[in-house]
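Same chain, two partners: chain A is paired with chain B first, then with chain C.
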Partner chain A sequence: MVVAASIVVFLLTRLFTDPVDFVVPLEATEEERAAREAELGFDRPIIVQFGDYIAGLARGDFGESLWQPGRSTIDIIGQTLPKTLLLVAAGMTLAIALALPIGMIAAIRPGGLLDRLLVTLSLAGLSMPQFFVGLMLIIIFAVRLDWLPVGGYGDPSQLVLPAVALALPALGRLTMVVRSAMIDELNSQYVKAARAKGMARRTVIAKHALRNAGVQVLTMSGWEVTRALAGFTVVVEKVFAWPGFGLFALEAIQRRDLFLLSTIVLVASILVVVVNVVVDILYKWVDPRITLS
Partner chain B sequence: MATADRATTAPTPDAPTERADAGPALLEVRDLRVEFFTRRGVVKAVRDISITIERGQVMGLVGESGSGKSVTAQAIMGLTELPGRVTGGDVRWKGISLLRGPKADEEMRRVRGNEIAMVFQDPMTSLNPLFTIGNQMREVTRRHLGYSKRQATERAVELLDLVGLSNPRERLDQHPNEFSGGMRQRVLIAMALSCEPELLIADEPTTALDVTIQAQILELLAKLKDEFGLSVLLITHDLGVVAGMCDRVSVMYGGRIAEVGGADDVFADPAHPYSRGLLRSTPRLDERQARLVSIEGAPPDLVNPPVGCPYAPRCLSAGDRCREELPELLPISERRTVACWHPFAAG
Partner chain C sequence: MTTRELHDIESVAGHELALTGIGRGERASRTTNMRLLLGELRHDKAGLFGVVFLVLLVLAAIFAPLLAPHDPGQQNLVARLLPPGWVEGGDWEYPLGTDGLGRDVLSRLIYGARVSLLVGVAVVAFAGIIGVTLGVLAGYRGGRTDRIIMRTVDTQIAFPGLLIAILLASLIGPSVRTVILVLAVNGWMIYARMARGVVLSVKETAYVEAAEIIGCRPRRVMFTHILPNLAAPLSTLAVLEFARIVLAEAALSFLGVGVKRTDISWGLDVAIGQDFIFSAWWLVTMPGVLISLTVLSVNLVASWLRIVSDPAEREKRYAATRKLPKLAKMAAPPTARANLATASAVSAAGVTGLGPGASDGDG
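Now for the complex of A and B:
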């Protein structure tokens, strides 16, 4: 998957854009242009460029940024990725930690007043795109109430709004997943049997049913984390000027920094694979019947 | 409705000597009514039924699907699920109500799984697939008897051994998927016996099992009953099972009890036309029977149950009165109570 992603990005960027336009000054002559092109190696056939790129990767050379000349792209990633990981970790922890209890509470009496209220809120949450949530949060909590900073990075208070913006839609989706999984489990025969053994309703919900709902919840949580890592952070980081690699991905695209973009996509796809492996390992922990191949 | 009077005055026909000690019965279900509030209307699943079980007695509860057997069992355990609700009557355990009064909830929590235990129909789904057998077994004694983990483990080993599972200690660390259906039912029975219950409610415990396994499980239940003096409420639609195990039998039809009597008596000489029909539609080995006779018609719609006897529309001997007036469950002899206007004469 990582290989496929890097090939696709490599080909698309090389075939459909001309990065040299952005690197050379507007008033540059054709000769200057050609010289620069040759210097960067863009005059060679695509296949040669690709071979060169792969050979570089094998040596641990991810290429030099066009936008910030002299800096290795992996160096930029090293600086921005931790910030993105912090944001995603905060946002997803928030979403999962809240979705579990809220979904469980809603599932206790499906169709009840509380359930309907929570479902409505979840639907509202999952229907709102991150940029909208982000802007609303800024208007309310940063501008009107002046409780929290509008954006930026550094102080812990600056983490709050972007993390919430990232968490809210995911929270809505995950709550619905937890709820429906719990409703299924609470109607199952083993729950009835556990109740007949005299187990307290609370024990049955929190122990027996929750673990069985866990597999579904885990699948969706993993998916949310990958979507956040390789997508939603771009939007949220842009809205809150959070200097993570999502924001840098946008910059890289705008400035036709192909080397940086390639590296970002490569790292993002590695992260997606890592998250999936972690989820697979957790499956085994939740459900001992699952065998890892 | 004269139900309250009837329940208290109706004698428990075949146990006059046991009643002589005048103590309360082990389990007394009185005028129990359970209704399900669905979109289609209120399903009157159980309508004012009364069942008494004495110590050491095995009571069979038979009837076709939808007659209210399992709903009754769940109501006794306080496990009626929405949209169902117990809307009338009482369940008394050793004279103390499990449904009504300020202490009922506490009493139910104490009794359920402890003094009254239950075994379900489907052993394949009654165990939680994600927890080990040991974990699920220990749960019970730890909750009710306050056992330590070690004590609970020892007890679980003892119980698995009792129900005939080999290598009980190793079994505790296995998950349900490593067990066959018959083995799982043994585990569930072991679990039910954890706290030495006085009453075991077995809701079609053999229905989901192979015939050979069925026999083994029934044998096990019979052995345990003799060994521990267990009372059993055995719910089944298999009359053969009732004949083999039960002292008394209650026949249910359309959410009502049609007939109660000694198991052998009812089989030899059913008084209610439904009991008779049920018997004739059951294959038997000990009698030459040209062919099985099915009961014509369908069970009653429990949203709008018939005004009269629920069995009247299918009954061959039904008269006008049967269609207009609900028959009470009344004694027709010393050992038999029947809810029918035209019962067959029974000894």
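Now for the complex of A and C:
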């Protein structure tokens, strides 16, 4: 399945466009063009090129970038992926760490003033386009208040705004999930029994209800992380000029760098699968009744 | 075939006739249902806001040429980067200011609603039709058809969706049609999954078996007997997907692979405004706020739809807002009264352990 993704990308790119157009300079003559085409191997039938690519994959050779000649694509990934992972880790930690308490507070009195306020804020958060969140943060904290840098990579302060921008819509969605899961649990019989036998409300919420709401919350958190890894950092990375692999994917798409692009899609798919496996393992930890097949 | 069996078939056929009869009656009661729905909308302030905003937006999109104060594409180099009217240095001639080429921001927003709504409706329609058709086929046929369709769905869901969308869009070249095509190709899977799930759950019911026994063709069974079950979950899903599509269109246009540079789209306007982020905050803010409000409205409508279409949710809401005693006090018809009594009994029984009689006394 993972390999299928990158194969589709390779074929799509190769069938729809001529990558050579994007490699040679505009004023190149026909001969120069043909020479370059032969050098890159694009003059052969597509099926041969494709077989070559697959054979390369099997050997662990992911091909050489067309956009940055001389660099293997896996080398570029190795340099950009950690930056994206850092961004996703910071953003998702922030979202999950805030969604749990906020959702719980909202669930304590459903329909109350605090609940309605938090629900409205969450809905507003999840309704905003990610690029808009990012640009608003820049306008407020970088342009007006001048507290934080506009973008770039290197200093820890440059991580703050992109991470918040990545976290906000996810925070809105997760808060709604935590809230509804907690409302369901708090209305259940076992919670009432625990309260009736004199257990403090705080203990009941923290120990009983949260544990049981965990499966739903975990599912959605996992979904948020895979969503971020599967390309949704592109927008944030573009807004903040964060040199992660989302930004390189965008560049690769615009320059028809099919080898780099295929590798990026391949790596992104592998990451999604890995996250799903981790989530499955965590299920067992949250709910021991679940058995892994 | 024995006479008894014949009789059975006849009664089944008769039952079917009776069912269609009921169907006709239902249509008449549906109008009263609509009125009830609208009545309920008044109680849900958030839902009401969503509906009103969306209606206004649709009207603005339809009557854009009449409403827009200026031609959205007309440049006025003398009046470049004017701030909104209420800001120092602004001109009420351009209520929301002008962009770097002196184009009126308000007019562009009004025209931009066209692209957003068109893309949203078209994608939901295309993806919905493809997804539901394939999902119903997979669920009803089962076997190899099911395996092939669902394997395709699983494979495509594993793809990094946004990357594929950007790739496809940049391969085909920017235009409104591209955006619709790309997003529909990217979004049909969720409908297929939902449709298949519903079909699997109703396939074994008595009325579907009855329809098969009296000799309905598969197509008839699928369309007239199974498909109506999809209406409720499908409407909520479609509304939520619409919100997602509006965001996706904005994102694609923002990244420069969506609509053409000459088209008018909110996402594109944000991308253009990004260049002036240090000097002209309104260029980014106005279209961004409008996208957010649109998506927010759609989400509010969706959550209202979910509440009114799900009895369990409705009960929860009544219990939460504690409007129950007041409602029961009103001269309610006997059936409604009985329903309310059971509803309050459910919420009361857990705490006090008293039966329906006691809670009826409360009311």
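In the analysis below, the second predicted complex is superposed on the first by the 293 of 293 C-alpha atoms of A that agree within 3 Å, B and C clash if a C-alpha of one lies under 4 Å from a C-alpha of the other, contacts with A are read in each partner's own complex, and residues count from 1 in each chain.
Quick note on the criterion: contacts are C-beta pairs under 8 Å (C-beta built on N, C-alpha and C of every residue); 3 or more make two chains touch, one makes a residue touch a chain.
No experiment lies behind these values; they were computed from the predicted model shown.
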- Query: Regarding the shared-chain residue A:35, is it in contact with chain B (first), chain C (second), both, or neither?
  - Reply: neither
- Message: Under the stated touch criterion, which partner chain does A:286 make contact with: chain B (first), chain C (second), both, or neither?
- Response: first
- Task: Applying the touch criterion given at the start, work out whether A:273 contacts chain B, chain C, both or neither, answering first, second, both or neither.
- Result: second
- Message: Comparing chain B against chain C, which has contacts with more of the residues in chain A?
- Response: C
- First (chain B), second (chain C), both or neither: which does A:9 touch? second
- Scan A:197 for contacts with chain B and chain C and give back first, second, both or neither. first
- Tell me which partner A:138 touches in the superposition: chain B (first), chain C (second), both or neither. second
- Query: When the two structures are overlaid on chain A, which partner does A:130 contact: first (chain B), second (chain C), both, or neither?
  - Reply: second
- Once the structures are superposed on A, label A:189 by its partner contacts, choosing first (chain B), second (chain C), both or neither. both
- Contacts of chain A common to chain B and chain C in the A-superposed view 189, 192
- Item | In the complex with chain C, residue positions of chain A that touch it | 1-2, 4-5, 8-9, 12-13, 16-17, 110-111, 120, 123-124, 126-132, 135-136, 138-139, 143, 183, 187, 189, 192, 229-232, 234-235, 238-239, 249-250, 253-254, 261, 264-265, 268-269, 272-273
- Note on the structure: As the complex stands, chain B meets chain A at residues 77, 79, 81-82, 109, 112-114, 117-118, 120, 122, 125-131, 136, 139-140, 143-144, 175, 177, 188, 191-192, 194
- Query: Any idea which chain C residues touch chain A in the complex?
  - Reply: 46, 154-155, 158-164, 166-168, 170-172, 243, 247, 250-251, 254-255, 257, 267, 270, 274, 277-278, 281, 284-285, 288-289, 291-293, 295-296, 299-300, 303, 316-317, 320-321, 350-351
- For chain A, which residues count as touching chain B in their complex? 109, 188-190, 192-200, 203, 208, 211-212, 286-289
